[in-house]
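Here come two complexes built around chain A, the first alongside chain B, the second alongside chain C.
== the complex of A and B ==
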């Protein structure tokens, strides 16, 4: 079977442009709409960002390869997000580190992962514990909740491959080697992230602090972290560095799996639960499957069991790209598996890519502007 | 007594936050039927009740606040950590650090797994938490110290009651593996807490 025949736009320039045009308009709207002025570097950075996101989207449509081009946009977003974020911190408060006093005064921005630790304290203790403002600032609790809720409903765990500005890190390191050094990773390790979700949620309620953020988050190493003033803060910083080095760099490199996202992040586990109610899924049309196992080998999230994607699938499309027969495909629940393949894929990719540009577009442009400024 | 029940009810959520991790991961790791999961919860609760009874007896005798020495708390936390490790790797077939030893203990307890849950409940209660402190404060000088503790125990048990319903979930492999992983994480946390208390004196 000709695998490429699954998709409308594939290899057809006219149809690809037709699908690409509305997304390009959206990208321009998002990146030019709210921003005005700025120095030459900022303007150039904005144009490059628009061209970059537009080109990646076009290639996804035109080549029919979802993961290949998604990953480029996703990884670049993660790297530039961190550069822009750190620069922002240095501008705002003069350093990457924060003090306990700043934490208590609710001036520390926090990310979507912290929401996993807010549910139980909010439900059983009627307390919102965490160091953020309820309504003010770019990372206010209410804004974060709305964003998390929207992407969870629309994408399920698709957020972990199409929106999260951290996920690109281990997605990137897991692609550096051509072949894995550690060839077999037990799929059962994915349940560890669910255990993390349960334990961190309860532990946070007990300790009255976001314990994962305070003690374990690997991304503290590349964003912000607590100033070292005593043994405790020293231990915390050692843990952040170790979790980043081991879970985000070394293990993904050796296994070609996204170890931190697949086995450790509590947010990933929570989002997996939203896959249950999300209409989009990646599914195996078993009538076309020849049982080659390439999908399982390719899956970076340890999500495929017995040739079928399970709860933890992040809809990255890597297995879809890897499948030689086109059996693995994007699918809308409740529709026949062998029909409307292109519609299902297109309908998923549009909101997913829109989320990616919305959440990361601004940071990519800012990060890029900083780099351009280094040269001009 | 009503006041103690109310203290228990109002702090029940804190108790779940404090001890929920332990019993929830035990129930999930064992992944028995709903009925047998209630057996595990029963064992855990009895352990708590035993320690509460002990504290209430001491308060009645000395008629002042009973304190548990930090060293006892530290040792109890480390013991809870060991029990959680047994639940975590006791059934594993794969080779991992200390698995033979923990498997032996687990096998020795086979059929009496509620006993381990009982020990976990008792030992974790030696880690005096804020709700207990407020109960002790309100009990000193009253006549019905033991009854107060029983009422408090009943009040704090409310949030634990739905936990064994997890036994009704069909995907047993997912529940068991998540439970065992959770038991391992809890084990590490309790070990760290215990060592922290020892280091800080």
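== the complex of A and C ==
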């Protein structure tokens, strides 16, 4: 069976436009609705961002390839997010580093990964153990709480492939080489992220500080890190750089797997638990499966075992694209596996893509405006 | 039964985009609403805790926070009292036994009573609009 025939609109411009048009309206609503004014570079960047996200969505529909075009949007979002984020920090505090001034004034941006370390203090002490702002300022605690809660319910671990502004980094590096240098990575390594979740939650509660952020987070290297004032902060910064180099660059490059996201990130493990209650899943229609194993080989999250996606699936769609028979597909739990493939895929990619655009669109436009400003 | 389940599944799935849109468009309201959650307050270890007393002296507003002993299961760091001093125009400010040298951004503290044990500056920082001073305390 030809896989492309699975989706309504694939290879048909008119039908693709029918599905694309509402998303384009959403993209314009989300990116133009909250923004107004700005200099020429900002206006140009905003238009390019809208065109870019629109084009990627159209290609998802028209080509029937989910992961390929999602990844382009996702990786570009991650890179430009970091540029915009660092620029914002420099504007606000004159540096991408933070010191005890930012800690004591509670102005550290809250990131979704911190959630994993907040669970126990929130339950035991009814407090958020993080020096961030509750409402005001950039990336406040309440804003991230609403975002994480809403996305977890709607898309489960889809966050890791459709919204996480860090995930794009190792998604990108895992695609640089055409073939992996390290060919076999044990799928069971993915359970290490659950160990990380438990250890980080307990360690943070015991030490009364967000320990993953303080000691291990690879993305400190490309966002915000602690100012080096003594040996401890120097060691921390060395660890951030090393974890980034090893887990986000070298290992994904050599294995073509998203090693940081699949094996190390505690937030990924927490979101995997939401996959249990989430309505969307990627499922193998075993009646069509020929057992070629391409899905397992393609999966960057080490999530497929015995040709079936497991709890840690991030719904990137790479296995769906790789499947030669169309057996691997997006599916809505409680519905027949062999029917309404287009509806299931469309109902999933609409909220997922809307989320990506809404969460990262503004940063992409800002990052792009900075780059344009360098040339004009 | 399976058909009814399917219909509900499709309805729930189709609400996804709407939920995402409502979440982002109404972000301000959701944020305000989330503040009512019992755990939605920054740990006193970072915020300094609730202000228990405020005094105005020499045109300075001095806010004294509650005693804080950081930790979740057990005390994990030094206890402290945070004092916020708003607007420091002068070079040197003396508030009882705490001396703030605004020019060279240093602070020193001297106990007024001999029985005050372990009286020292735990942390301090000068922000654009105020000084934050933390005095070490012991139980």
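Throughout what follows, the second predicted complex is superposed on the first by the 376 of 376 C-alpha atoms of A that agree within 3 Å, B and C clash if a C-alpha of one lies under 4 Å from a C-alpha of the other, contacts with A are read in each partner's own complex, and residues count from 1 in each chain.
Throughout what follows, a residue touches a chain if its C-beta (ideal position, glycine included) is under 8 Å from a C-beta of that chain, and two chains touch if they have at least 3 such contacts.
Everything numeric in this text was worked out from a predicted model, so none of it was measured.
Look at the residues of chain A and decide whether chain B or chain C touches more of them.
Of the two chains, more chain A residues are contacted by C.
Pick one for A:206: touches chain B only (first), chain C only (second), both, or neither.
It touches chain B and chain C both.
For A:26, using the defined touch cut-off, is the partner it touches chain B, chain C, both, or neither? Pick first, second, both or neither.
Once the two structures are laid over each other on A, A:26 reaches chain C alone.
Under the stated touch criterion, which partner chain does A:308 make contact with: chain B (first), chain C (second), both, or neither?
Neither partner.
Of the partners chain B and chain C, which touch A:145 in the superposed model: first, second, both, neither?
second
Output check: A:191 vs chain B and chain C. Expected answer is one of first, second, both, neither. What do you get?
first
Which residues form the common part of the chain A surface touched by chain B and by chain C?
Shared contact residues on chain A: 120-121, 124-125, 205-206.
Can you list the residues on chain C that touch chain A in the complex?
Residue list for chain C touching chain A: 2, 5-6, 8-10, 12-14, 16-17, 19-21, 23-25, 27, 30-32, 34-35, 38-48, 70-73, 76-77, 123, 125-127, 132, 134.
Quick one: in the complex, what on chain A touches chain C?
Those in contact with chain C are residues 26, 30, 33, 99-101, 103-106, 120-132, 134-135, 140-143, 145-147, 150-151, 153-155, 205-208, 279-280, 332-336, 343-344, 347-348, 350-351, 354-355, 358.
Which residues of chain B touch chain A once you look at their complex with the stated criterion?
13-14, 16-18, 20-21, 24-25, 159, 173-174, 177-182, 184-186, 189
What residues on chain A touch chain B, complex-wise?
120-121, 124-125, 188, 191-192, 194-196, 198-199, 202-203, 205-206, 311
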